[in-house]
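The structures considered in this document are given below.
Okay, so chain A shows up in both of these, paired with chain B first and chain C after.
Right, the complex of A and B next:
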């Protein structure tokens, strides 16, 4: 059963929810864009559904809530350690179908890929997901190709139409507040996209041999290794550890983990100064193959969810979709021709 | 041929050039801030073909000079210019009289944040605002605006040079320690950033507010300040006497103060201009060379209320090219 709520009614429900949860959703951060007098859409705390951006994709993903850009793990001094506090409240995250599929990737990385990640798990256990229906795809979206266009495992789902909100809510906790403020009940099926403007086909015959082909060379010059693609990606999870010493005697400080990018220059730098992937093309190769091949080998499903954020954010207009559709087949052709 | 009597002084003030060729003028069209609707191009073309010889020169100061206008067509050209003047929103006391002044030069602007990724403000909008405040005016004043300290508009060659600045805002919770800001500040700007404990630290005194760090930051840790700031430079000049670059006058200035300061220069120039100046025109800088800087500053800073953040440089020294034998 679903509910219809006005903006005001949903605000009241938000207020109820916020007793136990912070509500995160894509919102406008005015004037904080890369260029002057431009905005950024990214995740922030909302108190009113009108603050949520419904008609555009966020530039950065929801992952900033689950895997914070900068997360202090513990504080230390001499023989004592204090674990950093987790947020006092749980989180309700509004996100789209592709992103909800990305959560599955994060779960795999942090919970099923070796020992559980305590910090992720602690945050994750207190999260509820509200699926935002997609009436139409955005530019660069290719969720249909990646099979992430439909989601059913949500706690709640919402379609926003002309300031009215239609919610399906299998989760009893969230449903209580909706029931209280709903104007009426009705059947709600979250909107989803059946066809994207962009279609992506990952070659069936993809093998590791493609790593040695010439298709990556072009990126040596084009890619500036800024890392925006991975920072915006909802499935990238790499971080660096940082120990900060507050005092000059080095006896008090914090250990934190900070998001990083396999596109950065110092990534893969090892003790002694060696660096495995030096050229931008090599970094691009690692990233792309991780997204559409290596992860799949390990997890049994592709890492990339087709949200299109990496294409949209690249300042050099490097397109992952173009790489998959054009470069990978070209690379495999090269592999076959060389008889490797 | 009819007897020709033309008041050349008036013709020049009316923004026509007295050319090498006897009886032939050229009509000058100013485009404040350098931005126009493409239809103006058609109107310029039309005037050039109807009244001129079909040639148009793109002027140094973002205007058009329509060549080959016979003196007897000047009035007709003025009337034909009216739609352009209306479109560009040029101050005018009466319709149909063309551009009313030529002493104060067109206010130039780089493309600014209208299109440029580095521009820190809308240069054309501020150029038009200054235009509204000071035109028409015949005293020789040059103003130019540029979006960032790259100074593509060469504003340091003007009496008043205006450079866009932003005060970078740092959000440590978004920083991924990639160092792009530090690297770019070093490569492209003034090395005002360095890494300390995995985070960039900004040397506030060194920072020129160019915004390169904001542009480089991949994760919106660096963003621009809500307030837009400006660097105001003074008294750059070309010319035959001691050409020189404008020097820094105010850092972290605001737009209101800039408009007021530029407007104030006219009282000063009226009072101290050489009464024998050829054509009633004299570089502001030459006047300042006579009166001294303090008198000049006293005039231009009248009723100016600078924001707290503003830093005023003092004393001001100009250098520049000195031709041999000139003191």
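Right, the complex of A and C next:
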């Protein structure tokens, strides 16, 4: 069963929810965009549905809530370590269908690939997801191609129409507040996209041999290894360990993990200075093949969810969709011609 | 509910410091968790120094109450490790990785080719067969170092020779008058003698170029590539399959390795 709520009523429901949960949703951060006097849309804590950006895609994803950019793991003194505290409240995350599919990728990495990650699991256990319906695709989206345009495993789903909110809510905890403030009940099916402007086709004959082809050379010149594509990606999970200390003698401090990128210079650098992928093209190849081949081999489903954020954020206009649609087939042609 | 917090390191006391060379020491660390967390040769720990971070270090020796870590001083973390002496403590967590199962060598002719501190991951294997030489047909160890001053585990090497292991210790360069073997490890591969090469097993551990050329040489003499194993090393921040740094293709070195069958990863590209 679904509910119709006005903005004011949903604000009241938010207030109820916020007793136990912080509510995260895409919102505008004014003047903090990538260029002078521009804004950025990213995730923040909201108290009112009017703060949420409903008609644009966020430049960065929800993933910072589950895998913070910088997360303290523990504090240390000379002789002991003390685990860091978790946020006192759980989290309700408003996100779109592609991103809800991205959660499945994060779950695979943090819960199944090796032993369960204590910090991820602790946060994850206290998260509820509210699906934001997509009336139309955004520029660069290719969720339909990746099969992520429809989601059903949400705790609640919402369609926003002219300041009125229509929610489907299978989760009993969240539903209690909606029931209390709803104007009326009605059937709600979350909006979803049936056709994107962009379509991608991952070649089904991809093999490791494509790594050695010439298709990656172009990126040596174009890519500046800034890593924005991976930081904006909802499915990229890589992080590095970082220690900082508070005292002059360096005996007390904290250990954190911070998001990192396979595009960065120190990503594979080992003590002594050895580095496995120097060229930008090699790093692009490492990332792209993970998104469309290697992750699939390991997990049984593709990593890329087709949110299009990497294409939108690249300062060099490098396009993943173009790489998949034109470069990969070229590369496999080269592989076959060379008889590799 | 979340399981145990794998990231919290435990404290371990330095029982002994063995100096091999100017830049390479072995730290013998107390370890009393062997019953719950047994350690195999070839496995590694994240040695953790608050303020400097963590580094994955192979176990080079295992006893009931201690673990050896042979560490080369090459970075800021290892610089700090070298400032510590007997009675001090490190933090660490592990063991991680698959390591070597000594059963895979039993009844076979075994060739171990190691370069420099690459000897650490197979050190425990050599120790085991030094005491159980009857369990294999023959053990040949070819180990290479940069110069006579860089030779590691000199005392252990004497013991291995006494116990009947065929040991070839070579150095890349030596001053005039040096009496030992000189040349790359690859120089000694064609000289290997086998009763039945098809069934022999080889392990190659060391820096990536050394691994590459040793395997080429083994293949050149007709060694069965299905019987070649190697131990890889990469940057790792977790040892738990989470941080992503050690991934090659669909393989995570920390989870699926660091010990691999050569044929399993020969087509992988970093």
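Operating definition for what follows: the second predicted complex is superposed on the first by the 340 of 340 C-alpha atoms of A that agree within 3 Å, B and C clash if a C-alpha of one lies under 4 Å from a C-alpha of the other, contacts with A are read in each partner's own complex, and residues count from 1 in each chain.
By definition in this document, contacts are C-beta pairs under 8 Å (C-beta built on N, C-alpha and C of every residue); 3 or more make two chains touch, one makes a residue touch a chain.
The structure displayed is predicted, hence computed values, not measured ones.
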{"item": "Clash or fit, chain B versus chain C on superposed chain A", "value": "fit"}
{"item": "Chain B versus chain C as contact partner of A:270, first or second or both or neither", "value": "second"}
{"item": "First, second, both or neither for A:34, with chain B first and chain C second", "value": "first"}
{"item": "Chain touching more of chain A, residue-wise (chain B, chain C)", "value": "C"}
{"item": "Partner chain(s) touched by A:257 [first = chain B, second = chain C, both, neither]", "value": "second"}
{"item": "Touched partner set for A:89, first chain B, second chain C, both or neither", "value": "neither"}
{"item": "Partner chain in contact with A:212 - chain B first, chain C second, else both or neither", "value": "second"}
{"item": "Superposed model, angle subtended at chain A by chain C and chain B (C-alpha, nearest 10 degrees)", "value": "110"}
{"item": "Which superposed partner A:104 touches (first chain B, second chain C, both, neither)", "value": "neither"}
{"item": "Which superposed partner A:231 touches (first chain B, second chain C, both, neither)", "value": "first"}
{"item": "First, second, both or neither for A:289, with chain B first and chain C second", "value": "second"}
{"item": "Partner chain(s) touched by A:113 [first = chain B, second = chain C, both, neither]", "value": "second"}
{"item": "Chain B and chain C, minimum CA distance [Å, superposed model]", "value": "9"}
{"item": "Chain A residues contacted in one complex by chain B, in the other by chain C", "value": "240, 242, 245, 260"}
{"item": "Contact set on chain C toward chain A in their complex", "value": "1-9, 11, 50-55, 72, 74-75, 77-78, 89, 91, 208, 233-235, 237-238, 240-245, 247, 249-250, 252, 254-255, 267-270"}
{"item": "Partner chain C, residues of chain A touching it in the complex", "value": "73-74, 76, 79-81, 83, 109-110, 113-119, 121-122, 125, 208-209, 211-212, 237-243, 245, 250-251, 253, 255, 257, 260, 262, 267-272, 274, 276-277, 286, 289-290, 293-295, 297-298"}
{"item": "Partner chain A, residues of chain B touching it in the complex", "value": "113, 117, 119-122, 164, 166, 172-178, 180, 197-198, 211, 214-220, 223-224, 226, 228"}
{"item": "Contact footprint of chain B on chain A as seen in their complex", "value": "29, 31-37, 40, 42, 60, 68-70, 226-228, 231, 240, 242, 244-245, 258-261, 264"}
